[in-house]
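The structures considered in this document are given below.
First chain A sits with chain B, and in the next complex the same chain sits with chain C.
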Partner chain A sequence: MTRYISKRLLAMLPVLFLVSFVVFMLLHLTPGDPALIMLGEEATPQNLAALRHELGLDQPLPLQFLSWMEHIVRGDLGRSIRTHQQVLEAIVERLPVTIELTALAMLISLFIALPTGIISATRRNSFLDLFSTTGALLGISMPNFFLAILLIFIFAVTLRWLPPIGYTPIQKDLLENIRGMILPAITLGAAASAIVARLTRSSLLEVLSQDYVRTAQAKGLAERTIIYTHALKNAMIPVVTIIGLQIGALIGGAVITETIFVLPGVGSLVVDSIFRRDYPLVQGAVLFISIAHLFVNLVVDILYAFLDPRIRYA
Partner chain B sequence: MKRYSWLAVLIIAIIVLVAACAPAPTAVPVSPTNPPAAPQPPPATKAPAITRGGIMRYGLDSDLTTMDPHMSTAAVDRRVYQSIYNPLVRLDKDLTLKPELAEKFEFTDPTTLVLTLRKGVKFQDGTDFNAKAVKINFDRMLNPDTKSPRASDIATVKEATVVDDYTVKITLKNPDAALLAQLSDRAGMIISPAAIDKYGKDLARNPVGTGPFKFVEWVTGDHLSVTKFDGYWEKGEDGQALPYLDGVNYKPVTDATVRLSSLKTNTLDFLQAIAAKDVDAMRKQKEFVYSEVADLGYQGYSLNNKKPPFDKLEARQAFSMAIDRDSLVKDVLFGTGTAGQGPIAPNSWAYDASVNLFKRDTAAAKALLQKAGFTLPVKFSCYVTNSPDGIVFGQAVKDQLAEAGFQMDIELLEFGTALAKYNNFEHTCFQVGWSGRPDPDGNTYGFLHSKGGLNRDQYANAKVDEALDKARAVYDQAERKKLYTDALKLAVNEVAIVYLYWPLNVKVYSPRVNNYVHVPDGMDRFKSVWLAKGTQ
Partner chain C sequence: MTIQSSAQSLPLRVPQPIARPSERGGARDFLSRLLRARLAGVGLIIIFVFTTSAIFAENVSPYSSTKTTLTNRLKPPSEKNLLGTDELGRDILSRVIYGGRVSLQVGVVSVGIALLVGVMLGLIAGYWSNSLLDNVIMRLMDALLSFPAIVLALAIVATLGASKEGEIPKSIWAIGIVTVPAYARLTRGQVLTVREREYVLAAHTVGAPDARIMLRHILPNVTAPLIVQSSLGIAGAILTEAALSFLGLGVQPPTPSWGSMLSAGRGYLDIDPWLVVGPGAAIFLTVLGFNFLGDGIRDVLDPTLRNV
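Moving on to the complex of A and B:
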């Protein structure tokens, strides 16, 4: 297992290199000049040229990339060209918000998805099944910015139960922190819960039609025992895969959710930095998100072995 | 189902429980001394008892970029500077210039400006404010190594010299009647010399000025907070030092709908701006104070005078003739503007209504295009920045142009991209505006003078150049007004830029906010604002 993990970790390196390269190229090929955005329309050509030189933007692209990589290897993600803050510091400062949001969103989505998926699989074609599959379809189809505004309108503006925006650090006020996180977490978790619910349903249905389940039923085992002890564990393998993928998607989805709900997380940092062409910040943050993605995938692969003892890693 | 119904009950119970722990539903309370004001104008400051204390929660429309005024280009930053810094001169709501850090300002000859500074002023770090500090600030902006975007505001300044502790002499390369107005904005904001030395580039995140509030913390993307500066020099109506507030919490909320919801739910007290679509409803409601004043800027279309089809005068004139400005303002902007032509807004002393030259006439526009040899429809592509209000406006203009024989293809671009293309003269047409400057020079020279730094349309007319140069060199207001009118009659007729309307500056705030003065530059100054007790 240790060998497998180290192999996987090593395999991450080329992936990270490729991701960095693609992000770097896309960003630099996008029209828009950081120097011009920083100095504004009234900037003189001399000042623009001087700033581009200072930021190293007058160097050929491959050289810029190599210089960035060289710094990365030394653990230096550089400084924001706008605020002069260390990129790593900016990301670490915002990390707790994104982790909390993603975790809560995942929790909410599982809280909704697993029972819904199980109910609609065990009561196939019933009204409940129809209701939950329709709900899942709605959850997948509804863009999260729309859901966000809808939730704000209902829970913040009309009912005035929850605040529409803002973030309170956990250490400052736990209750306020949770109150501020409920709407963003539901917004972010909705689509994921719909996907997981659908997959749980189909996966469980497939398992329930297998011979060993029929045998169990013939033995006269209680339905509850059959579902929870025998069927569910096997049905969970594809579900765990999709949950893993969803965590990645949630980190990406946090970009929009954080912006709407004014949460100071990594997602809103990325959006803001893209608009300002703050190259070091965007590159650093995307690199971080990619690493998070890869780690989640690794954890999912390791989890397979626990769910299905037949899977062995050599 | 029964088996799982506990789950649904549990979820609902958790939401209700957490919600119930919230402060009681916050119907916006109203101070007895200040009943909800009629939508406009803002309440007169009759309220007798000034209440000290409280934190103003302010909603910005985008995130902040730098707290160093000499390095600033984003308008959003200027709102916070009003709290942290004082300018040398102050812009009043009638657009006149009043003493601020400079008690007296006088041109002793056309190229010498003498500033007599206020005594007893301290920076928030304890440093004394004096002539040396002002000189250090001017030197910093003018030093090419600083690469200050504000250097262009004081481009005519040759040097600043210290005459004595509280007198500074500004020597100009050539006369500049617009300089004083520039000193009411970022170029005139004085930073602590000790902070400049201490922080260098990190001043962007560690601002120190002489303003009524001192910087506390800035969590990028979340908030920037300032707290009352105990050593502030100005006194309030109660004879004690300003400000009345304990602090201001600036919060960037980029989504306009969410921003307005935050005011409605008492999460914010004051909004920098609202979306055009919400204006009508906010004017009619009675729960919040709605305030609007004519802005300093203009909105319109920038047409590249060197690129077809707008290299031909007839095409530019036909564009200007094709537009029904009144209908755009009324139907698309919900009345948040004044239809008209020219870069100088009606609230300026330099405004002259005679420059409104074009009236909508689609038949004449078509005839003009045909006479110039164009085959209809005349096709061109136009940059429109990707914002909901901008897109709706662009589509309305497109429709109006179609009736006059044009086919405008809207090219939606993100602002940074559009700006880069515009700066490289790549545009044929760009739906763009200018935030405006208090002095008419700031709205004209850069764009209409053939050597103007912002003349991306490459418009050139020797007579316009001459009039704009002269308007800089004379200090008499009546004479300057005549020169601007002469220049604009030519520039509007030759359609250097298609001017469409002057926007209104709109603010919406809680009725608890008292003593707010809405200045046409749209900047919010909170030194003498106070909050009625009772909420938060």
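Moving on to the complex of A and C:
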């Protein structure tokens, strides 16, 4: 197991290097002078030169990249050009909100998806199956921002059960915090739950058609035992993979969800800094998100190898 | 060759093959099976309706998409304005029809870019697998995949700057770049199996050049999953474009796009909820159409998945 983990970690190094290269190049994709874009047309030549010097834009590109890499390795993502706050600090400040949102979304989606998928597979072609497969099919095509608007309209504007937007810190009022998180978490979790439900259904159906399940049936085992102790374990293997992949989609979806519901997370930080043309903050946040994404995937892969020893030896 | 030319010159009828067209396989068989898959048919109809209305928007839409009538603001659906009017008194139905141009254009063209680049990279990586070139290409693809798609697309659009009127939407490039890895990986995986087939070995033996083997022998045999991925990819690209426009980073006003219409309508939810229904339904239905089509094609191409 240790060998597997160290092998995976080692394989990640070139990817991490390339990720930081892509993020570095983002600033240099801008048509024209990045300093001018950040400061606007009314900036004085002195200010422009100062910013260029601060960001190292007055140096040759390879040197810039080297110094960028050197800073990243030390955990220094630079400073915001608007607030002069450390980029990493700004991200860490907003991280708890994003973690809470994605965790709740994942929880809600599994809570809906797993029972739905299992019932669909075991009561195949029943009304419930038809209802949930259609629901899942529609759920995959639903844009999360449209779902968010519909949820706000129903539960906040019309029924007035939940606040439409805004965030209350957990330390201040736990109940208000949860109330404010319900709609965003449903918005974010809906697509994931549709995908996981569909896969649970098809994976379980496939396992249920295998010989060892027929053997179990021939032995006269109860249907419950067959499904829950024999079939489900094997059916869950592909489901775990897709759950891991969904985490990436959730992190991406958080950008939109946080912006709509005005939650102060890392996702809305990206969007806000884009509009403020605060490129160091954009670069830092994007780099942070993708590295976090890589590590989450690594953890899922390791868990997966732990659950299914066949993977390690493949 | 001689048989064929004599058949052309003589008024004789060449005997038809015994198998009927539906049993023969090939493009026609594929199409008839696709139409029999109900959901794919529904998907095709939806796509057809939205595409034709977007192309012929000038003839189809009842009003101008940009003309404001301030006396006619925020009206609910009526006989005159089937989907109502927006906050500047513009006809929502007309704006939805014109807005389809942006969504479909970005969806199709960005997937086209991703296909072109991704398939080329995947062919090269798979053909010379385990070479340095393969490693460089695939690690770069891994790096691109490690960004959540929407985050990278956002960052690219932000650096490219806002699209001006009449310009090719910048989101096309962003979404295209972001989706390249999906096609590269898929193609590479397919190439790895196909290049071991006898006909590829045969082509090698007769000394066919690499480019010819890749393009004439391997490529045609890896297209099936690419077609599925493209249809699902267009659905995803339309969603991403709408999300970018929704956040204000897509095409700029007054050009209508579904995402920006939704975003504008969100502010009037308590006064006029009808504002968001048209554009929201349009995104949902188009994406649904391409998802149905993609799923349908996959079922037809891969019979083992049928009935699952």
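Quick note on the criterion: the second predicted complex is superposed on the first by the 270 of 314 C-alpha atoms of A that agree within 3 Å, B and C clash if a C-alpha of one lies under 4 Å from a C-alpha of the other, contacts with A are read in each partner's own complex, and residues count from 1 in each chain.
We adopt the following convention: contacts are C-beta pairs under 8 Å (C-beta built on N, C-alpha and C of every residue); 3 or more make two chains touch, one makes a residue touch a chain.
Values in this document were obtained by computation on a predicted structure and should not be read as measured data.
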In the superposed arrangement, which partner chain does A:Leu29 touch: chain B (first), chain C (second), both, or neither?
second
Counting only touches as set out at the top, which of chain B and chain C does A:Pro14 meet: first, second, both, neither?
second
Could you say whether A:Ala136 touches chain B, chain C, both of them, or neither, answering first, second, both or neither?
neither
State whether A:Ile149 touches chain B only (first), chain C only (second), both chains, or neither.
both
Touch check for A:Gly166: first (chain B), second (chain C), both, or neither?
first
Touching partner for A:Gln46 - first (chain B), second (chain C), both, neither:
first
Looking at A:Ile91 after the superposition, I want to know if it touches chain B, chain C, both of them or none. Which is it: first, second, both, neither?
neither
Looking at A:Leu205 after the superposition, I want to know if it touches chain B, chain C, both of them or none. Which is it: first, second, both, neither?
second
For A:Asp272 in the superposed arrangement: first (chain B), second (chain C), both or neither?
first
What residues on chain A does chain C touch that chain B touches too?
30-31, 37, 149, 152-153, 157, 259-260, 275
In their shared complex, at which residues does chain A touch chain B?
30-33, 36-44, 46-47, 50-51, 54, 82-85, 90, 93-94, 111-112, 115, 119, 123, 128, 149, 152-153, 155-157, 159-167, 175, 178-179, 182, 259-264, 268-269, 272, 275-277
Contact residues on chain C for chain A in the complex?
39, 139-140, 142-144, 146-152, 154-156, 158-161, 235, 239, 242-243, 246-249, 259, 262-263, 265-266, 269-270, 273, 276, 280, 283-284, 287-288, 291-292, 308
Within the complex, which stretch of chain B touches chain A?
1, 4, 7, 11, 15-16, 18-19, 21-22, 25-26, 63, 65-66, 73-74, 144, 147, 149, 151-153, 201-202, 204-205, 219-222, 251-255, 257-258, 261-262, 264-265, 267, 414-417, 419-423, 446, 453-454
Under the touch definition given earlier, write down the residues of chain A that touch chain C in their complex.
14-15, 18-19, 21-23, 26-27, 29-31, 37, 137-138, 140-146, 149-150, 152-153, 157, 202, 205-206, 248-249, 251-253, 255-256, 259-260, 270-271, 274-275, 279, 282-283, 286, 289-291, 293-294, 297
